[in-house]
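What follows is a single structure, and I will ask about it in a moment.
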Amino acid sequence: MSLPSFLAQSLNGLQYGLLLFLISSGLTLIFGVLGVINLAHGSLYMVGAYVAFVVARATGSLWLALPVAVLSGIVLGSLLERFLFRFFYKREHLDQVLLTFALILLFEEGRSLSVGNDFYSVPIPQALNFSIPIVEGFSYAAYRFVVIGVCLALAAALFLWIERSKMGAIIRAAAEKPEMVDALGIDPRRVHLTVFAVGTALALTAGALNAPLSSVYPNMGDNLLIISFVVVVIGGLGSVTGAFWSALLIGMIDTMGKAYAPAVAGLAIYVLMAGVLLWRPSGLFGQRA
Amino acid sequence: MTSDTRLLPHSRNGWLMLTAGAVALAIAPQFLPLYYVELGTSALIAAMLALSMQVLVGATGLVSLGHGAFYGLAAYTVYLVSPESAAQPMWLTLPLAMAVAGLAAFLVGLLSIRTSGFFFLMVTLAFGQMIFFIFHDTKLGGGTDGAYLGKPLISAFGATFDLPRRQRPLGIYYVALIQLMLMYAGLALLLKTLFGRALEGIKVNEHRMRAIGYDTYTIKLIAFTLAGSLAGAAGHMWALHRGFVNPEIVGWHQSAEALLMILLGGLGSLHGPILGALALTGLGEATQVLTEVSKAPYVPEKIAALLRLLGERKLLVEGLVILAVVIMLPRGLAGIGSKRLDKSGGGHA
Amino acid sequence: MHDPAAARTPVLETRDLSKNFGGLRATRNVSLSLHRNELHAIIGPNGAGKSTLVNLLAGEFRPSAGTILLEGRDVTGLTNWRRTRAGIARSFQRTNIFLPLSARENVRLAAQAKTGTLASLRGRAAGAVSLVAAADQAIERAGLTGSRDRIAGELSHGEQRQLEIAMTLATEPGVLLLDEPLAGMGQEEGERIAALLKDLSRDHAVLLIEHDMDFVFKVADIMTVLVEGAVLATGTPQDVRRNAAVQAAYLGGHA
Amino acid sequence: MTKSNGASRRIILKGGAALAAASTVPTGWAIAQSKPLKVGLMLPYSGTFAQLGENITHAVEMYLAEKGGKLGGRDVQFIKLDDESKPDLGPQNAERLVKRDAVDVLIGTVHSGVQMGIHKVVKESGTLTIMPNAGNVALTRDLCAKNVFRTSFSNWQPAYAMGVHLAKKGVKKASWITWDYAAGTESGQGFKEGLEANGGQFVSLLTLKFPETNFQPLLAQIQGLGVDAIGAFFAGGGAVQFVKDYAAAGIKVPLCGSGFLTEGTLGGQGAAADGIETALHYGDGLENAKNTAFRAAFKAKAGREADVYAVQGYDAAQLLAAGLEAVKGNLEDEKTLYKAMESAKIDSPRGSISMSPSHNVVQDIYLRKVTAGQNKVMSTIVTQLADPGTGCKI
C-alpha cells in the first residue's frame, strides 16, 4: 500500500460515505421522529436517480434535474405522509414493514412501466466532463468533487436546520423521546409532514446527484437500503450526527476493504455493525435502545 | 380457564376447520397435475419456514432477519454431506441439517439476544449476511451459481421408500406435508406448556417478565435455537425437493419473504403463516391465470388488456394485494371470518 | 411505636450504595436496613433519587459503588430476574402489567416464574393447578378476586395498581419494593391500599415510596428521607417529624 | 444509452401456425407428428437482461419463419416464460415449462445461476435443452448432460483468446478485473490460461461484488500493480460504467477484455471506449453472406441491429432444426437426434460452428477493436476454439 494510492482511496471512501449520509440521514430522521421503518427508502433513492435521468434526457441538462429531484422529493414525501403513512403511526411496526414492502414493489413496477427495465447512463454535464490527476496514474472525475461539495453543503444545511431552528429542536427531542412531539406546542402533524418530506427529498437528491456516477438500473436502491440501515444502526437511531460519522466510517471501511482486503470486504461492515451493537446496544450516538 | 395460548384455535370449530384444511392438503395431490403437486411442495416448504419463524415473531415477539440464513445453511449442509454422486438417507441428513441450523442459531442467538427491537432485527441481519457471504464468496458451497446435491433418500428404519420416477414428486409432497403437520403439532404442544406461556409473556411485556423473575434471555435463546433448527428442517426439505442449492436461499430475502407470509397470514395465530405461504405461492400462479383468462374470446378488449398487464406484472399484483391486506385486514388473512375482537383479544376467556 | 432493634439481622441491607449517571449523582452513599414485619417508607422531593434507589435494589440498575445484602448474602451482582427469584419483588410507579391477558393470567405468570426455564418445558399450562391456586391466593390478598377473570387492560386504574401488587406477591418474596402504589388513586381506594400494606408488612419487609405525606405518616413504621440522592434522616415517623434538618429541607408544613 | 422496446415485453403465446383442430383420430407416431412441437423459451423478459431475452426470442422466431413455420416437418408452438433472472425461482420456472406445459424442447437462458436450476430439472426430465447464452463452464464440463447443448460460448473461451492475443503481442504481465461471480472468475481463469500458455504472467484477479458499480477502489490500485495490460469482464450497464470510470481515472495501462465489455454498450460508453481491444465470437464488419442476410432480416423483424445474443439465439434454432430434421420431428428417437446435433456443421452468421464432445460450441474467436462506435473485427485470434470440457462424460 503506497501513500498516494491510500490518499486516492480515502477520497473514494469520503465520497461514498457522504452519499450514504444523504440517504441514511433521511432514514434516521423518519425513524427517529415518526417511528417508521421505511423499507421503501431505497426505492426513493431509485426514484431520484430516474427523475434525474428522465429530466436530463428530456432537457439535456443535469443542472435542471437536481432541483427537479429535490422538488419531486418534497412533493412525493408530502403525499406519502399525508395519504398513507399518517394512518400507520399507531399501528404495529410490522404493519409498517408490510406497507413499505408493498411500496417497494409498487415503485419498482411503476418505474418499469414508465421508463422500462434497461440500464441507462446519465451523462455528466459537459462543463465538468474532465478529470483531475490526483496521484500518478490515477485521476479523479471533476464531477465527483462536485458531488462531495454538494453533499457537504447539504450536510451543513441539515445540521444548521436541526441545531438552530425550532423545528430542529423538536426533532432532536423527538428522537430521544417520541412523546415529546405532542408536548412541545407545535402541531405534530406539521412536524411529521415536514420530516417525511425532508427525508424523502434527501433520498431523491442523493439518487439524482449520484445518477451520473452509478447510472440508473432496476432495483438500484436495494443494496443501498441495507447498507443505509447499517449506517443508521451504527450511528444510533434518530441521530443525524451519528448518521454522519457512521456513514463516513462505513464509506471508508467499505472502500478500504475493497481495495486492500477484497476477500473480506463484503463481511467487514456487518462484522462492524455486530461489534458496535454488542458493545453499545443503542449505536454510537444513540439515545435509546 | 385462561390457560390456553391465543395462537391456537379457541373453539372446537376452529380445530375442525384446521383439520379440514389438513385433509384438503392431504388429498389435493390426487386431483392435481404433477406440476401443481411440485408447486404445492414449494408452498409447503415456504409454510414450514414461515411457521418456524412464527415461533419468534408471533409467539415471542422477536423479529429476525437472519432466520432465512439457518434455512439456507441447512440446505447447504445437505449439499456438503450428500453429494450428487452419493445421496444419503434422510434419517441421517434431516437430523444433521436441523442440528447444524440449530447450532448456528444458538451461536447467533447467544450474541444477538442481548439486543432488542429494531437493533435485534439488524444484528440478526448482520449475522445472516455473514453466513450468506460464506456461501456466496467462498468455494465451500459451489460459489455464486450454486451446486447440485444428491436428494436425500426417503428412508427410515432400514427401509427405503421409493416410487417410480413419475410418482416421486408425490412422495416428496407427502414428506413435506407430514413434516409441516408434525411441526404444527409439536409447536401447538409447546405453546400449551408453561414455557409457551412464558413466551407469550415475553411477547407482551418482556421487561415485566424479568421483573417477576424470568430468565428471559435463556427463554428467548431456547426459542431462537428451536426456531433455527425448525428452519433447518425446512431448508433440508428444499434440498430434498430441488436437489440444488444457491446462495440466494441463504440471503436476507428469504427472511423477508417468510416475514411477509406471517404478516399476510396473521401474527396472531400459529396457522396464519401457513395460510400466508399458500396465499403468496398461489398469488404468483394466479397472475399467470389472468394472462390465460385475457385470451378467452368473450373478454372485452379493454378488460383483456388490463388482465394481460396484471398477468405480466406479478410484482404489481403482489404489491397491490399486500397494500390491500395491510390497509383492510390488520389481523392478516387468518383474521378473516373470525369474530372481531377488541385489541386485547380476550375472546377465549 | 416500634423500635428498629439493631440486634436483628436485616432482611435487606445496603451499604454505601451510590449510582452516577454521567456527571449526575443520583444516589449517594445510601445505607439502609429493611426488616421483616416492618414498613419502611422512603420520602423525599422530586428528583431525590427514590425511584433510582428502588431500581438499584431491584437490580434494574447496577450500582456505581456499594453493596446490597439479602439475608446477609451479597446480591449486588445479581440481575433483576435473579433478585426476584432470590426474594426481592417490586411493583412499578407506572403501571407495568400484561395488558392483553386476564388479571388471573397476569398473576399466574408471576407465580410460574419460579418453575425454572427447563422445567417449564415439561409442564402443561392447563395442568398447573398449584400455580392457579397460588395466583388466586395472591389475587385474594390484593383484594381483586371479583375482577380476576377480566382483561387487565380493561381494569380500572385502581384495580391495575392492585394487580401490580398481586403480581409481586405471587413471586413469594421476602422483600416488597412498592414504587408509589397509590399513584393516581382516589381517597377510598387509598384507604383500602393502606390496610393492605399494613397486612403485607406483617410477613414481609416492605419498602414503600410514596408522595402522599399523610398516607406515609399513617402507615410507615420507619421512614428514610432522601435529598439529592443522600439519606438526610432515618427513624420512626415521630423522629423524622421532629428532625430539624428534615423540617428545614423538606417537610415544612408537616411539622 | 440503450433503448428499450416496450411492446415486445409481452409474454404471450405466438404459435408458428395455428393449432389445427383435430378432425380425425390419428394413432401412435402420427399423433406426435400432427401435434405441434412445443418449444419453451425460458428467458428474462424483465429486469436487467430483458433486452437479451428479447433479441434471442426474435432470432429464434425469425429462423422458424425462414423455415416456413416448421421444424423437422412439425408445426412449432412457442411457450414463453419470464425467468426474471432469479436463481432461486429457476427450478420452479423450469418445471413449469417441463411439467405443466410439457414442452418438447427448452431454449434458455441468459443468467448462469438460473441456468443451474434449469439444468437440474432437464437433466432429470431428459428434455432437450439448448443454452442460448449462459456461459458457466461447469455445464459443459463435469455437469454436462446428453440432452443439453450450448450455442453461445463458455466463459472460458473469449477470455482465453484474449490472453493468447496479449501474450503473443508481447505483454509480459496482466491482471483481470471483474465481478466476483461465476462468469467473472471463470473468464479470469480462461484469461490466465491463455496468457500463461503463451509465456505471459498473470498477476492478480481483482474483484468486486456483483452487481456493484462502485469501481473506484479497484481503479485506484491499478497503477500499483505494475502490469502492462488490464483485462476485464463486465457486461451490460456495469460495462458502460466501468469503461467510463476507467477513462475518467486517467489510467495509462491499456484496457482490454472479454467481448461483452463493449457489446451493446458502445452507445453509453462513447469516446471512453475508443481503441479498446476485446475478444469474442462475433463482431461488426464480419463479412460473410450469411451474416449480411441475417442482419438485414433481424433489423426488419426487431427494428434494431442484431447483436451477438441474437446470433446465439438464431444458432440455437439452427441446431435444433439440424436435430429435428435428422429424426423427422420424432423426438423419441433420442440416439439419432443427439448424434445429429453433435455432428452438425452449422453455417452461423459468426462463421462456421460445430459442437464439442461435451456439447459446447466450437467457434472462431475474433479480435475486435472499438473504432468509430463499432466493434470492428481485426483478425481471428484462435480458429475453432473448443472449451476443454474437462470432466465431461456423456
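List of remarks:
Order as written gives the chain letters A, B, C and D; numbering starts at 1 within each chain.
To be clear about the criterion, contacts are C-beta pairs under 8 Å (C-beta built on N, C-alpha and C of every residue); 3 or more make two chains touch, one makes a residue touch a chain.
Note that the structure is predicted; figures quoted are calculated from it, not measured.
Fewest steps needed to get from chain B to chain C, stepping only to touching chains, is 1. The interface with the greater count of contacting C-beta pairs, when B-D is set against A-B, is A-B. Relative to the centroid of every protein C-alpha atom shown, the closest chain centre, again from C-alpha atoms, is found for B. One finds 37 Å separating the Cα centroids of chain A and chain D. Centre-to-centre separation of chain A and chain B, using mean CA positions: 32 Å. Averaging C-alpha coordinates per chain places the centre of chain A 48 Å away from that of chain C.
Shown for chain B are the residues in touch with two or more other chains, namely 137. Of all residues in chain D, those that touch two or more other chains are 9, 180.
Remark: the chains found to touch one another pair up as A-B, A-D, B-C, B-D. By the touch criterion stated above, chain B contacts chain C in their complex at residues 1-5, 190, 192-198, 200-201, 204-205, 207-216, 218-219, 222, 343-346, 349. The residues of chain A lying in touch with chain D in their complex are 2, 5, 8-9, 12, 15-16, 57, 112, 116-121, 131, 133, 135-141, 214-215, 217-219, 223, 255-256, 258-259, 262, 265-266.
Interface residues of chain D, counted against chain B in their complex, comprise 9-13, 82, 86-88, 90-92, 95-96, 99-100, 112-113, 115-117, 120, 124, 136, 138, 143, 180-182, 185, 210.
Of all residues in chain A, those touching chain B in their complex are 31, 37, 91-95, 97-99, 101-106, 108-109, 112-113, 226, 229-230, 233, 237, 263, 266-267, 270-271, 273-274, 277-278, 281-283, 289. Those residues of chain B that touch chain D in the shared complex are 33-36, 38-39, 42, 137, 143-148, 242-244, 246, 248-249, 291, 295, 308, 312.
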